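You will see subunit A twice below: alongside subunit B first, and alongside subunit C after that.
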Partner chain A sequence: MKRTILRRMLLACLLILAASALTFALVAAAPGNVAALIAERAAGPGADAHMIAKIGNELGLYDPLPIRYGRWLSGALAGDFGISLRTGKPISSEFAARIPMTAALLAGGGILAFIFSIALGIAGAVSNGGVMDRFLHAFSLIGASTPNFFVAALLVIVFSVMLGWVPTFGTSGFTSWLLPWVTIALFPASVLSRVVRVNLQEAMSRPFATTGFAKGFTRTQVLLREALPNIAIPFLTTFGAQFTLMIIGSIVVETVFALRGVGAFFIEAIRFRDFIGMQSVLLLFVVFFVMVNFIVDMICIVADPRMRRARGA
Partner chain B sequence: MNISAIRDIKDWPWLVLLPVIGFVLIGIFAPAIMPYDPSAQDYSATLEGMSWNHWLGTDYLGRDVFSRIVGGARISLVAMVIVLVAALAIGVTIGSFAGYVGGRVELVLISIIDIALALPSLVIALALIGILGTGYWSMITALTLAWWANYARMSRAVVTAELQQPYIEAARVMGAGHLWIFVRHILPHVLALVVVYASADAGALVLAIATLSFLGLGVAPPTPEWGQMLVDGMSYIEEVPRLVVLPGLALTLVVVSFNLLGEAFALQKVPRPVRGATLRRRRKARAREEAERNAVETGTTSA
Partner chain C sequence: MITLDRRNFLVSTAGLAFAAALPRTAFSETNDTLKIAISAETGDLDLLQNVSTLSTYTIVFDALIHYGQNGALEPGLATKWTIADDQLSIAFDLREGVTFSDGTPFDSTAAEWNLKRWMGVSDFSWIGISDAFDSIVTDGPNKLTVKLKRPVPAALLELTIVRPVRFLSPKAVDKDGKQTAPIGTGPWIVEKYDSSGTSLVRNDKYWGEKPLFSRMELKVVPDELARANGLRSGDLDVIGGDWVATLSPRRARALESDGMKVVAEPGTATMLLGYSPKSKIIADKAVRDAVYASVDRAAIAKVLFEGFADPAADLFPANVPSSGKRHDVPVRDVAAAKKILADGGWAESGGAWTKAGSPLTIDFLVSEESLPGSRRIAEMIQGQLSEVGFQVQVSSVDNATMHERRPAFDYDLAFFTTYGAPYDPHGTLGNAFVSTADSGPDGKIYVSDALDGVVKAALEASGAERDLKMQALYDWLYDNTAICPLVVSQRLWAHNPRAENFSLPATDYDLPFKAITLKA
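So, the complex of A and B:
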């Protein structure tokens, strides 16, 4: 098992390296010179070639690409992402303020999605073709089809404008987090509740379920005692995938609710063509994706002895 | 690979196809349906309610909301079709080439495809827009470059599988050239799978276009686009929630239609890529059959 984990770890590092190199190449290939952009911002449109060359030299923009990549990555690993072209401040200080915001958003949304998907999936399986099952099907279809910015807008209309229960925008206390959390959780919750339901159904047709019935347990008992632990692996894998997809949700939700998180920073960087800021956020995202996948893999290996054998070879 | 399932027209999920056809028709005939120019401003009639003159009222610039929603269908449809066709062309070409040529070329192409698939498509599209700048065509380009990899992976899988079939060898023995074998024998299989998948995937694309426009990185005003209409209406959310709800509803309806179509395809057992959701659906179908059999055999009341 130790060997498997080490191998996965190495693989994760390689993936981060490859994806970050691709990100770097992408931004390096961007039309328009970063030095020219900085010069333009410092001196207006009249920046001359001499000034551009000077700034380019200072930033080491004329060095070969691999050297620039190495410098950028080692800097980023040490927490130095460079200076934002938009704000003129170090990106690391932006991140220090914004990462907790996005983390809180993702954590709250993730917990909500987790609880609701399992609860709804079980309720659907218990009802087994009944009203609750139909409701679940409709919920998962509509929840997976409604754009999250529309969900946010509807929630604001109902709970802020009509009922006045929660503030519309910004962060002021616990209640202001509720709408963003629900918004970001709806899509993964709809997909995951379906996964729970379908996999429970599948588990119920396996021999151990039949054994459970033979022992005299009721359907619900077999569902909870025998089937539920067996859906852990497909559920966790999909949960990991959905959790990484929540990054997109966070970008939209932070924009709608005017939360100052990483996603909002990303959008601002894109609008203002702040290449250095974009690059840093992309690196952050890549690390996040790889980390989530790695953690899910680890949990699966720990949770399911079969995975240990299958991957340990 | 079973393509008869697609050719067998009576097995097609006609009913779930209807909303999608409706969307396409509205998009095509939008200019004839729209009672007003969707961008025409009328300051004597701003923020009007629903009436016979303006079925869904007017927005803060006096533009007819009904015309804008119908016009938005056309914008979404056109952008979606362009991206889908371009992404299909690129994906099928690269994927098929990788699968057919094999060897080191395949390894390199597959690595590129896998890295492209490691990040969510929309994040890739956002990054590309950051580099290309905002605007309609850079949105189209960015989405195309973010979407092709999935089709490439699928195409490659089909080509690799088909190459093992004896009839390919037979064709080769009969003296058929590479291009002939590919176009005549392999491409139909590739297209059968990829086009079906793409038609169900179109909803995700409509959603992506709306999301980018909502974020101010896609279709720019005054062109009527649902995501952009929605973000426009957000400033009036307290007084006139209709401006937010209507474009949102239109968008949701279209995405639901395409998702229903995708579900129907999955249940039809049309060959689809075996990944994530499809695998689960197939497992579900298998489980249901099995459960029915069990119910008959054991007398338990399940499914």
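So, the complex of A and C:
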């Protein structure tokens, strides 16, 4: 067990290192001169070649790529991601201010996706080919194929503009979080509800279900007591993958609802060609992806004795 | 009946704890608060740095001179100014009884300290009066004279720009002279700012006309649709402004139909086509003349700007100082364009033109990112030129690439906009039409050796001669078809009916608040 965890941790570190090098190279290879953008912003009509060169030198833009990468990575490992070219503030302080916002968005969305996917999956399985099952099937298909910016716009128009129940944007209280949570949760909830439904159907054909029926349990009882615990591993694995993808959704959701999180910072960094900000956010995303998958793996190992034995072997 | 068992208790407690832990922005919102959308956070409003958005400076900091409607120079922290006959010094009478919002008096000492933070400093040599700065002489607490090494005809206009020319409390800096807080003499005081917005309170010690409400919230809403919905729902009172939170013409029409009030006023910046001096095809005046005659400005204004733009034939709109005589806006004439090409030695065959074996192919550089809406305009112009027989390749690039290709003249045709108030006419003319000027990422609208002298003469002229020389310059541009003005987009804002007596300030670098009253 301990060896498995250590092996997984080492693999996670290597993944993060490789991904950070790749993203650094990609961002550095993007066309355009960020020094020119900064100069234009500084001096407006008066930005000239001398000023551009000065800014480029100050930022070390003309150093070889490996040197720039090494300098950035050593700083990042020490918690110093550099200064945002757009805001002029340390990236670490931007993260400190913005990560709680993104964390709240992902946590709320994750909880909604978790609850609704299980509830809808069970409801479909209980209905088993009935009207409710078909309706939920259609609902999950629509939910999984509707872009979140469209969902967000629709929710805002109905619940904020027409009904006036919740604010259109910002974080002015608990109700202001409802629409962002629903928006970001819709896609994973739709996908996961199908995972639950299909796996429950498969579990219901397994011998332990037949035994349950033989004992006189109803279909619902067998579903909840026998089949549901047995789909934990595929559900958790898929949930982990969907949860990590929610951070991509946060880029759009934060922009649409004016939440000042990491996703919104990323979009603004791209627009301004704030390559230091972009690299830092991409590194954060990579760490998030790897960490969530690591945690899900550990939970699965703990939850499933078969996996524990297989990994230990 | 609800029973409080252990499970219910734990669930409720966890829910409350989660709700309480959510990040929230504690804006106080009353009927005495005007809520304006901004597309990006204001930043710390450091007058010498480049990271803060431009639109908030003018409500916190005052300048010596303010830019009024149609370019009229109005007293700010200076009540009177006198330019010496030799134009080598400008004497200012400073407003008496003014204090910064931290209580520090504004006097000649504070003014001199402020001016010396940027005048004569190399980082600000792009401002003419800074580049020509010689010294400052004070005479008592309310008189100050700026001495120059050479005349700067646009000096007074330069003193109206957003930064760094405005005045900061001398106490609002650290030991290294770096600004520590945005303390000015303006009508608003920054209470707090973060990435989600900026809260301001009225400066009750303001020397001028005080706002009619006590608080203003600038809320960061990057998405235009979210801003429009915020206005509809009442979460926002005002949206718009090119330098605040752009409102597109199409969205403005939609808001109008939803009962919101849309305010459109003539703009100060012209959108135009610029010609690359390195392009052999464009060097042919017949080609420039044909382009000029082929473009349907009225259609662009009506269709793409939903009527919120005015077709243009001149470099600057009439509301820019020294903008010259008006020319009639040309009506699109395909037959005339073809005749111009034929007269210029181009031969038509199968709907395409050639001259000395070269096809009439034009590379049209566009960046939607650097000029929102430009791609659609480019596609419309592409269609209009194609009807004449031009083969137009639209190169749609990102902002950074635009900033590389435009200064390198790596295009035949490209969009430009003049700088607008308060930077014009000297800003655009000095940078975009002089071959030796280093205009950095902005590139040049048109340059030639012959034009250099004409521009120089216009920019260096003063007094009554200035308008004559300016007109000579505009005539040169017109006669040589050196530019192809398209439209002047209107300044577009929308407000909730709750905000009454809405009026726009002189430039889009200012935020609207004067005279506005808020209905309960």
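Simple rule for what comes next: the second predicted complex is superposed on the first by the 270 of 313 C-alpha atoms of A that agree within 3 Å, B and C clash if a C-alpha of one lies under 4 Å from a C-alpha of the other, contacts with A are read in each partner's own complex, and residues count from 1 in each chain.
We take it that contacts are C-beta pairs under 8 Å (C-beta built on N, C-alpha and C of every residue); 3 or more make two chains touch, one makes a residue touch a chain.
Here the structure is a predicted model, which means the values were calculated and not measured.
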item: Touching partner for A:T87 - first (subunit B), second (subunit C), both, neither; value: second
item: Contacts of A:A96 with subunit B and subunit C, given as first, second, both or neither; value: neither
item: Which of subunit B and subunit C A:T210 touches, first, second, both or neither; value: first
item: Touching partner for A:I157 - first (subunit B), second (subunit C), both, neither; value: both
item: First (subunit B), second (subunit C), both or neither touched by A:I248; value: first
item: Subunit B versus subunit C as contact partner of A:I52, first or second or both or neither; value: second
item: Subunit B versus subunit C as contact partner of A:L282, first or second or both or neither; value: first
item: Touching partner for A:L15 - first (subunit B), second (subunit C), both, neither; value: first
item: Subunit B versus subunit C as contact partner of A:I267, first or second or both or neither; value: both
item: Footprint overlap on subunit A, comparing subunit B with subunit C; value: 30-31, 153, 156-157, 161, 168, 255-256, 267, 271, 273
item: Residues of subunit B touching subunit A in the complex; value: 115, 118-120, 122-123, 126-131, 133-134, 203, 207, 210-211, 214-217, 227, 230-231, 234, 237-238, 241, 244-245, 248, 251-252, 255-256, 259-260, 263, 276-277, 280-281, 283-284, 286-288, 290-291, 294, 298, 300-303
item: Residues of subunit C that touch subunit A when the two form their complex; value: 18-19, 21-25, 27, 29, 40-41, 43-44, 49-51, 123-127, 194-197, 219-223, 225-226, 229-230, 232-235, 369, 397-401, 403-404, 407, 419, 423, 427-428, 430-431, 438-442
item: Sites on subunit A touched by subunit B in the complex; value: 15, 18-19, 22-23, 26-27, 29-31, 128-129, 141-142, 144-147, 149-150, 153-154, 156-157, 161, 168, 191, 194-195, 198-199, 201-202, 204-205, 210, 213, 219, 234, 238, 241, 244-245, 247-248, 251-252, 255-256, 266-267, 269-271, 273, 275, 278, 282, 285-286, 289
item: Residue ranges of subunit A in contact with subunit C within the complex; value: 30-34, 36-52, 86-88, 94, 97-98, 100-101, 104, 107-108, 153, 156-157, 160-161, 164, 167-174, 176-177, 255-258, 260, 264-265, 267-268, 271, 273
